[in-house]
């Protein structure tokens, strides 16, 4: 049983707190937040409340932190928690720059603590199966990825919400949903060589941009075509095309009211096959994988070099969205 | 009844000849080809055969030509046919450069003949419905297009087939299938401002490239993400995301053995709806629309400015595939 | 706010209690059960507990009862509750014989109390839409119904569970799930004329029968083909065929872990259309309709003559399952 | 190469003649029909024409007959052809009574000729797979079948067409489409013990009945619920429920304009899986299986005892449709 403090009790922090109720692997024993209203929530959920991050990470009764804080705070908080010998689960994006993610990973490794990241899509059963098929060669040589994660949940946020700010979301939809797709692409196709991204405000009052399209070229020569829109009804799609066949995962509904997925596989010389997946709690599976890693029961399934490659590519997305040009990704 | 000569009797020319058998609007009365084996085919199908293009276009018994020739020949043949006062139906791509398409269109207009192009996807019933929905505002402000037309039919061609040559197919899959998607995008979102395209040889022996990904930015700010692969089993998809909803057309099977389409519409506050479309012959519908335009019964549904915008963008795709950079599209 | 007592706190009674937590229309203030273990549940959920049915229905603080009791007790309990001027929501089947349902309905009418029945499928949004289409004539003259409600949830029950007994479940799967389908058929096609039913033990240890097939002939000449199996993985299907088209509702998953429904409509000369319905809580919608009826806000949507016709047909199903012959239904 | 004469050149006979063009296993060399208009068709298709059945079956150049004649003529024609040592492919239904089918089978066996029947659904790839799964035990113990084959193609026939007559179609839709379903049920679940069938005229001018529902009880205790309607848009469905899982084949469109099938399999503890089958020519596969059987290359896949069991059950369907009661099937 891993005893953790949750840092940040906004919308997402509270969802995680709810999910972990009664969990046999991970228990929230503390909470840190600046908002006084969070104190009541923490107490009702049996967590010691504090507004002092340092006090929490120095509490010997706490073994791990779960960071649900502003994107720009992730790096420093990871480093400080690692130095306090706490395992770290950090919401995505892990950082906003390659320099930061390198610092964060190094701090965890130097202090021998586990580092996990909130890329729950990796834990969705049909995505796990797609990765297995790809690794087993069932799709042949991988050629290209197409991915989309669009929604309109943020349209209702007040305009000054941090998730809509240029500082925390430099490429609009990229940090909200696109980063999940980039993570999957990196997981399948490896580090990214260059990026061409476009972010525009087209269909909403989100001045920071509501529509992103990106052509991501991996070092192995494959492309990922990434789409993330914040001003259209929900769609979720991740498809990979290979020389023997292609596979497509489609979300039936938004993860907040999940209805499961379909996995369509079209292999040369076989019938096209659609497998229906019932809903499964991928967020919880990710948190439990973190607890397993912290306890040394199993390595965390997302390798650190992929965490680094993802954020390195993210930095290039930010640059390209600003410059309008193809931007190289720094990888060494 | 429009009396036409078909120019080129290769794989596709013969398909068109078969489709037009007994057609009440358009009759093939002549054929021009260089391959002597084509003569037998022509005679069996009741067409006068010739290997002299000029003789055919100067034949007073012929009112129109259907060009199923090499891409690089299209422009000159259109111009010559137009000057001979023949209506022209030209296979895609209409030309390989903006300069050429301008010449071709001008020649037709100066000579008062109709010009049509082999973009049959425009005539597929679910695409017609998607265009109607978009025009009626049912999807709100349009935001982004995602499109894919992939197949492995060309893998069986001999390596020296002209369709696989750098000269006739400067960006590999782009002239084979991608051009259809670019045409639809231009039809929905208007002229293109810039293009970033990548063509690679990844999964086959097609040295001219088997995998294309392109980020196409339209002048109105929207992107189209275009995918065309020649080394994976068939997939056909055209989706448009708007501020009120999105619509996706999916081909159930390759057009050569058609099984129809699905049209999925996801509008905000409505149930997601999938409409099943039975197979329909879009190639024939296109040819008949050409006959109607030649006879003055109805304007040809693809406006000339879209023909021009499409080829102007195509030229930038070629450039970007070579340069690896974002390439502007010339529009004026 | 209707104040109700729940009678019976077994598996289903507890589900209803959970659903009604915080409901603005209906509040459970009391519970009656014989099982002492139910007392703790009742108290935890803020209900006064009793093991005396008469005391509960004579409690002036209680306006309604919700019967989650043995099938064979329904009639007498409805009658007694009605005489005590309590509104009654009764789980299905309303009774096990036509004589009983007539008594129950009469008692409610004489005492001016509402009577509702636990046929939640009537409240599923795609079923509501199918009924609307049928009533509006969109399917033409109705011809035939096909319906299936199969599952394997009861396989885990101990063999002496009352739901598996000959007394409470005279035709095995009929009272478990088939009765819902019969209710829908009666709602669409009217009273039943005759029934031919077969119940067999084929694929499980359920000695009372695990497989039911029934040919139900309505007085208007239409048939309903009803299938209810307790020894196969879940399926839920309700289809009606008409002279202009047919409509089919399909459950995507068992109601206990709902994933929503599809409604497929195939009309002559239109494309086949599939509408996706997200999960909706039909059990709660039914309870709220009961509260509305009790308060006089709206009539209860299932007419009493359909309640009577359903149980009249049910009695013939029991007879036919025993006799192996076609059994007439008593309707007058 | 089996040389055959086709007997009957109506709608269906002509379809078969078209299918067999250029077939390497079976060639139509003769045709027998009474309609003089059939002579031109026969000659155009390279068949010797005759209006004398006996002359044809005594022609030494003919090895087999394909009967596309009135249902009531099948038995006598099979017997006569068999005595003339011709192999027989007979359209469904093989006969209209058990006595007749026994005679027909006996005559073929006595004369050492192959007998095949036009139940092409047996040869549809997803049905072949469903039968394989059932035989391999993948669905567990089989429990119940649900089947539907409905259409509105016959609505356009003149009222005096023989297919609509009481003599040739004693239970309306049963001989048109229902017999295919009964054949599949017998193939899966074995001989039939009793039948309860209802045929009504509800939604059309087909005075012989447009709507059939039947509860078929097999000797092994399982039921088949069979639906066949002639006054509703097309539907085709064959589902079998077993103790480990169920499988459902669904036709995407009418066999006349085929779009393929889906096969849905729902096994306990596995994800539900939908396999898409492209169109395949099952009619031709059946004819080729006949040619293989005639040549001794492979046994005909439909065993004679199933042919007999099917017609024995058909006779009971006729009786039950008349009597309104459960009718036993004669099996010995």
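Observations, loosely collected:
Letters are used for the chains, namely A, B, C and D, taken in the order the chains are written, and counting of residues starts over at 1 for each.
We adopt the following convention: a contact is a pair of C-beta atoms (placed from the backbone, for glycine too) under 8 Å apart; a residue touches a chain by one contact, two chains touch by 3 or more.
Since this is a predicted model, take the numbers as computed values, not measurements.
With respect to subunit B, maximal separation of chain centres occurs for C (centres as means of Cα atoms).
Rounded to a whole number, the gap between the C-alpha centres of subunit C and subunit D is 40 angstrom. Averaged C-alpha coordinates give centres for subunit B and subunit D that are 45 Å from one another. Rounded to whole angstrom, the centroid-to-centroid distance between subunit B and subunit C, based on C-alpha atoms, equals 57 Å. Counting only residues that touch two or more partner chains, subunit B has 276, 278.
Taken chain by chain, the contacts link every pair, so each chain touches all the others. If you check the complex, the residues on subunit B that touch subunit C are 271-278. In the complex of the two chains, the subunit A residues touching subunit B come out as 140-141, 143-144, 146, 148, 150, 152, 194, 196, 198, 200, 202-204, 210-211, 213-215, 217, 221-227, 229, 231-235, 241-243, 245-246, 266-268, 324-326.
Subunit A contributes residues 252-253, 257, 259-260, 276, 278-279 to its touches with subunit C in the complex.
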